[in-house]
């Protein structure tokens, strides 16, 4: 998330009650996770295991739970509880805004776009021209929909990331990491009925131009899908996975988080994709492998009784 | 889709800018896909591979991209782009009608039928008597619901087919084949919460009398389900598949498109059904096979280490 | 279901037209299924196979289709069709109440709880304080939501059980066993978008404190989920299954009905859990087994060609 305007480091330090180390005149442009961070961004870290990764990342500003060495061009905000500091910043710069009507007055909707009765359009949503938003669709705050997009009934765009801060020494183990990212659907995207597309935690979930999804497809937070992809019904893609252009995924297949599927790959129905896959090939099974190899395996399994017989 | 009334071939030719060959006095009664076509219907074909199938089908009228031989009792409409001609006809005879309220004034709703708040009933929908339509259900234009039907919350009846015209030499590969078919639910059908049932592309998706579905079941376009079937949660059935009467499908099973499941078949949970199955038997696994065979296979797999040991 | 107040056995006998045997002064406190029954409850039985189980259960009152021996401290209601008698009682003491608006006037909603536009809150629903109910959520009659609960868009709480009385000698095989149970979500529960949680048939479906679910999770009737569990997207849990505390279930896994998953178990993505699992271990595959064993099996399968070669 980028702030509406750059914020002085001293304002952030005051907001979160931090001890500030480094250049007191610097300006913070946004907040991000370590995987998505850019110059000017703020990240947070609360475990020594990740200190080094944060400090050597592109992040200019680091919320951290103890003072440690850091390069001259960065600032450190030292606080007891970095995760709580993160939540304070999100709540301050992207506060939850209750909606009071079906279509927010702060939404911008393009020409010739049809919003059906019972659809919900949240605050600051931008929808392009020539779109069809069917009944009972939910498009939540800050999401961006391109031109010529069709979203079918029951689908939810911009639900919160399934992303928690976990501490097993407290009564409630999982504490919601509030999402301040968005969903961005490019032109000519079509989403079937009953789908859910989560917003990014701090960044965007993106669906590329011309990609089409069937019903009940689940897309996790921070997933990036390329152009001209085709996803059949009941496919699920976990958080932060990258699907390159022209990928076809057949029904009920499931993809692990933070993996990459190469351009033009085809994933057969019900496959379970555990790790990244090279483009231009066909995959099937659990764990998903080259489809030909997997089909041969199924034939080999049928030969076990014959092997047994030969052996005895 | 049948037209509201038969249309002279000359009107169709003018609408789509076609060169007309054959009987100029004939009347067209509807438009259909090659698999569902009846006498009086119009089909379209844009690849020489399918010319013969179209010309020898029951279709009386063929939209085609070049002149070819055809029998005396048919008419040919020659156009550059048959798919575009198809879209023109659908948009003319079944135009998209934006709804302006939750329950369309053109919907017909039977006695003692309860439509909950937040349900959406589209244009020209017909609902029988003694039905319960729960909150946040969406029933889209032209669908037909019988008597004593229950549809639970979040379910979508009549979403568009996932069906595209594909050309990889253009910027947007997949172009929506607009659906003009319907969903027809017969008497005593019950649909769980969060289900999606797509309309037929040009024909109907049909659910037979007394069939019950649990939550999050996905039914693709042009699927025909028989009587007294039982589908557990998260089952998915791809387009144009036929399920005969009294079939039971357990949770999370997935069925391929355009296959047939025989009467009384039982498909175990999480099965992946790739091809047609004979009735009266129990199936499991991927690809789904006779359950007993599959269970034995699982036992054989566990014996491989023993085989290995024996061998060495 | 407990009745609003205890009901004389004679009133019940009159309502269902039963021949009453036993203490005519007894009072009935509720109706329940045989698995959940408590002292003071009424159950029904329509097959001699289950007579003994009913009569020796904690149920004080039994609706039965023929007179049989019974202990002194119980009552028998003899009727021709016990299932129809059950339906009569449910319809009398928990009648279907049509809602006339999005948020029922009989719902009780706590302080600082936000109900978004297009959400539906049914009759007699109780929602605690500091909750967020997102747009297009459906919470049906009598459900109970704790404090600090978040329910994301498109989710349905309290859909009817998928539970039928089956008789294959009638035209409509499956007759709905009307649900009179509830869904109870404890404090700090978070439910993702597009989930469905069915109410209990006569008892409650319960989600324990601090449990978090991702999108499109299906929870069947009478399921009991413990504290601090984590369910990833597209998980499905069939009826009356018990999930103890701190269980983690990854995406697209499916669980059978009436089984128990022990505390702290971890179930890998796409697993199919057929029978009960001990706590504190990791499971995968179909049928779900110890993950290490299953992984080794996958390796063994890859060795079959080598075995074949050795053998020849």
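Order as written gives the chain letters A, B and C; numbering starts at 1 within each chain.
Following the convention adopted for this analysis, a contact is a pair of C-beta atoms (placed from the backbone, for glycine too) under 8 Å apart; a residue touches a chain by one contact, two chains touch by 3 or more.
Predicted, not measured: the structure shown is a model, and the values here were computed from it.
Since subunit B and subunit C are copies that touch, is their contact same (over half of the numbers shared) or different (under half)?
Shared-number fraction below one half, so different.
Could you work out the angle of the rotation that brings the CA atoms of subunit A onto the matching CA atoms of subunit B, rounded to the nearest 5 degrees?
120
Return the distance between the CA-based centres of subunit B and subunit C, expressed in whole Å.
Centre-to-centre distance between subunit B and subunit C: 32 Å.
Quick one: which residues in subunit C touch 2 or more of the other chains?
Where subunit C meets two or more other chains at a single residue, that happens at 118, 136, 154, 194, 216, 234, 252, 270, 301, 304, 307, 311.
Can you tell me which positions in subunit B touch subunit A when the two form their complex?
96, 98-102, 118, 120, 122, 136, 138, 140, 154-156, 159-160, 162, 164, 171-174, 176, 194-196, 198, 216, 218, 220, 234, 236, 238, 252, 254, 256, 270, 272, 286-287, 297, 300-301, 303-304, 307, 310-311
Under the definition above, what is the set of subunit B residues touching subunit C in their complex?
Touching subunit C from subunit B are residues 114, 116-118, 132, 134-136, 150, 152-154, 188, 190, 192-194, 209-210, 212, 214-216, 228, 230, 232-234, 246, 251-252, 269-270, 285, 298, 301-302, 304-305, 307-308, 311.
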